[in-house]
Amino acid sequence: MTQHICRTFQTAPAAVPRDDTAKYLRSGLTAEGFQAPDWLVPDLEDGTAPDMKAAALENVCELVPEHDFPGEIWPRVQWSYDDERFRDRGREEIATLVRELGDDIEGVVVPKVGRREDVERALETVADAESKAGLPDGSIGLSIIIETAAARSDLREISMLGSGPHARLTALVFGPVDYAAELGGRDLGDGRPRWDGLLEALSNEASANGLLAIGGPFDDLFRERAGVTIYNADAYADQVEREAQIGLDGSWSLYPKQTIQANRIHLPTPAELERDVHKIEQFNAAKAEGTGAVTIDGQMVDEATFKNFRNTVVTVRTVHGTRPEQTTELYDDGLLERVLDLKLSYQ
Amino acid sequence: MTQHICRTFQTAPAAVPRDDTAKYLRSGLTAEGFQAPDWLVPDLEDGTAPDMKAAALENVCELVPEHDFPGEIWPRVQWSYDDERFRDRGREEIATLVRELGDDIEGVVVPKVGRREDVERALETVADAESKAGLPDGSIGLSIIIETAAARSDLREISMLGSGPHARLTALVFGPVDYAAELGGRDLGDGRPRWDGLLEALSNEASANGLLAIGGPFDDLFRERAGVTIYNADAYADQVEREAQIGLDGSWSLYPKQTIQANRIHLPTPAELERDVHKIEQFNAAKAEGTGAVTIDGQMVDEATFKNFRNTVVTVRTVHGTRPEQTTELYDDGLLERVLDLKLSYQ
Amino acid sequence: MTQHICRTFQTAPAAVPRDDTAKYLRSGLTAEGFQAPDWLVPDLEDGTAPDMKAAALENVCELVPEHDFPGEIWPRVQWSYDDERFRDRGREEIATLVRELGDDIEGVVVPKVGRREDVERALETVADAESKAGLPDGSIGLSIIIETAAARSDLREISMLGSGPHARLTALVFGPVDYAAELGGRDLGDGRPRWDGLLEALSNEASANGLLAIGGPFDDLFRERAGVTIYNADAYADQVEREAQIGLDGSWSLYPKQTIQANRIHLPTPAELERDVHKIEQFNAAKAEGTGAVTIDGQMVDEATFKNFRNTVVTVRTVHGTRPEQTTELYDDGLLERVLDLKLSYQ
């Protein structure tokens, strides 16, 4: 499988009770610039009401092939570790999606998984669908939402299913709303808890097994101040910044403005990029003179620090390769040129 | 076993060197209203001095049957994962309590457990005492205090002993004072550390296995300000609120005023209840029209969000069933009526 | 093996491109008073440039026996869980160090370990070197740096290798710079993340298995304010205080001023010592009268609280035994006398 980029995991209800039932799905498929998510997730689960599920599956099968979406398509199906009826619906949805859209989707997203055995069950379901559709082994990925106490308890064991070169498991996505309900967490007026311990573990286990780690949705989209309703830009950006700091690869978006912000925050800021490019240039010069650790702008820099600076540069290079309209909008030409020229190894 | 409610886990020394050696035990057994704890824990362990242990056991056996305590009785016995003398004393205490009070207690609390094997040892001890007393299998529960590095290390494995329909293990209770001493944590003047990671794991593992999770004691009962000593109401309430936010079921109380506060905080505030009842009413209406996710008061609401609102309502209904004097004191009649009328499922 | 004290884990590049290539190593070996680290770690890994590695090994073998360093010597060698070339270099370095310096070093520090199997590989490497050098089994310790996602994932299992009376594993040291690079953590302008969950687990697993737990380096040594560069004293002290609060035994130092601060912070402050000595005196008196739990200065104190006060006193006594010049500088004579006289057990 190819390397995945997922700064933004944008869910869109696949059917809504409007004249155009595919309104939000169509909007996601045609988004441009910073508003285009890296992953578009047509939602057949909680975002779609029970009596719209059939229409939702039809919308996905019809619209996805019609659009040349620049990122990846990962439909979310129904599932539940503790209710077989939902797993049966999920199996049918996966079979249909893989049969109808095998070449147009990168994989499926399965929510409400439980302990390791349940994730293995989901992996087998995808493998079956893939094989029945005559697709090559491993061509359809599986991403899972970690939103039950059982999945959190087994996170290390579940994540190990993703190690190895041909693993199907691709991303671990946090689901804080269902998770808070399972644990009985409360919103006493200043929001739900942050679950810092879980997020740190998610970042670690994903890195230990070559998976992507994605943060959870922020649902307080708007707030009112003295009679005026505004988009909650600061609170969402704060959450995405925290996720970026601890090494999550991307953030969940429920809304086009959230996609703009998360795409942006999961790129280095111009100041961050300038700082790290400068330190690499200085460190490369010091190493050429036989120094292992050197103080640059007050910071002691060695091989380990260098790896962090290199991450900054590699992220920009990778996104520049697939979404140059974003990188050229964000960085000035001189800086981008230094990024592309920089020597990143030394022996 | 029946479903347990434990908003408050109040320990009381079972014997103190006073004219009435049962002063605090008697006070707990006769408390009323918000001052009555859900669980009263007569303490034979650290709260009772070494040379009062025999008197303490006698007090418990004598007083508990004399009172019609409205909540549950869970005596705490002596134990230690790394000292057989304490385990021997605990075995004798458990045998006596179960034999003398089998019908009056819900279970026993065992402190200072170590790795999973030690908890299995405690489970066997209770099973033996139960069988010797001729009581039905599973009639005496076991709750344990997580306060050693070994128990924290094995928390996931220990908690799994509680899964299954007939499990004896009932509650996981945090013991921060012994825990800090084991780890060598320090109070540099602004209190002991919060151990956020442990508390998050406690909440998760309890939920994954159908157990209760209870926070640890707050021992700075009073503080002095310019010559006047006051009850430390804010600091305790802050701790209990944090515990409620991350989904702990209840909090430890050392003192009647702490019991009032913890009983109160582990009920939804009137504003929280009003908010969630309103959102359920709105969401039920939207779903009836075929909408899966809908924005209510700026928040995107779907099945997962709904579960959180439902938790709020279920808590109030449950406490209303057993302690109506508390719910009718806290909520106005109109709100309580809507709580009882609300439709909580939808297919 | 003897009990180890490690308030300070000071790394020093073992060779730098200067006239005196051993400048920093020599400086560490001759430091005095609060500036002398408990552990000096001559660095053959990232602190030393690739083409200075041979000179670095020579410097260590030559200088260490010439100095009567009052603490312990633990050279850091090259290693990598995912690159055999680095492990081969590490094996040669360990063989040389143990052969040449067997009596002068307490052990070796191995960085970038991975899962449990990799740590077992490192343990075998030390055992081999020890046996070839004709040294008694267990005479050379192993400390490891936890700085990969794999090692964090296996932390519980790795730490268990250290339990038992004859275990070679001695300290778990955090490596946040490599760790952040592995997880893709970002510095958005206000520093790297704190990894609170990892640090809490490190403290716990070390305590559960009789190991030392040591915090990671703070590399922002200096900062500039309006044209003046100053030593970053507050930020480093804040980090070390947090580490002390959660029960880490010591902190990493990159610089003599950091060593002064960490040695100091990992001793109780005079106010903390006075407070805890006073509470022990009061609690001893209350227990003599048959009280189990007693309120002292507003705090409810029992056996568990007492253990925390005892830790404070034991730390001072231990350091007083080996570095009396530090304790007599920090505490006044009257307080120190009470510390040495205090009765710490009661039965």
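Note that the chains are named A, B and C in the order they appear, and that numbering of residues resets to 1 at the start of each chain.
By our rule, a residue touches a chain if its C-beta (ideal position, glycine included) is under 8 Å from a C-beta of that chain, and two chains touch if they have at least 3 such contacts.
Listed by chain with UniProt protein names: A, B, C = Aldolase/citrate lyase family protein.
Note that the structure is a prediction, hence the values are computed from the model and not measured.
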item	value
Copies chain B and chain C - rotation angle from C-alpha fit, nearest 5 degrees	120
Same vs different contact residues, chain A with chain B, by half of numbers used	different
Geometric centre distance via CA averages, chain B-chain A, whole Å	38
Chain C residues counted as touching two or more neighbouring chains	196-197
Footprint of chain A on chain B - complex, ascending	156, 159, 196-197, 200-201, 203-205, 207-208, 241, 244-247, 249, 268-269, 271-272, 287, 289-293, 295, 298-305, 307-308, 310-312, 346-347
Partner chain C, residues of chain B touching it in the complex	13, 16-17, 43, 46-52, 147-150, 152-153, 175, 177-178, 180-189, 192-193, 195-198, 217, 219-224, 229, 232, 254-255
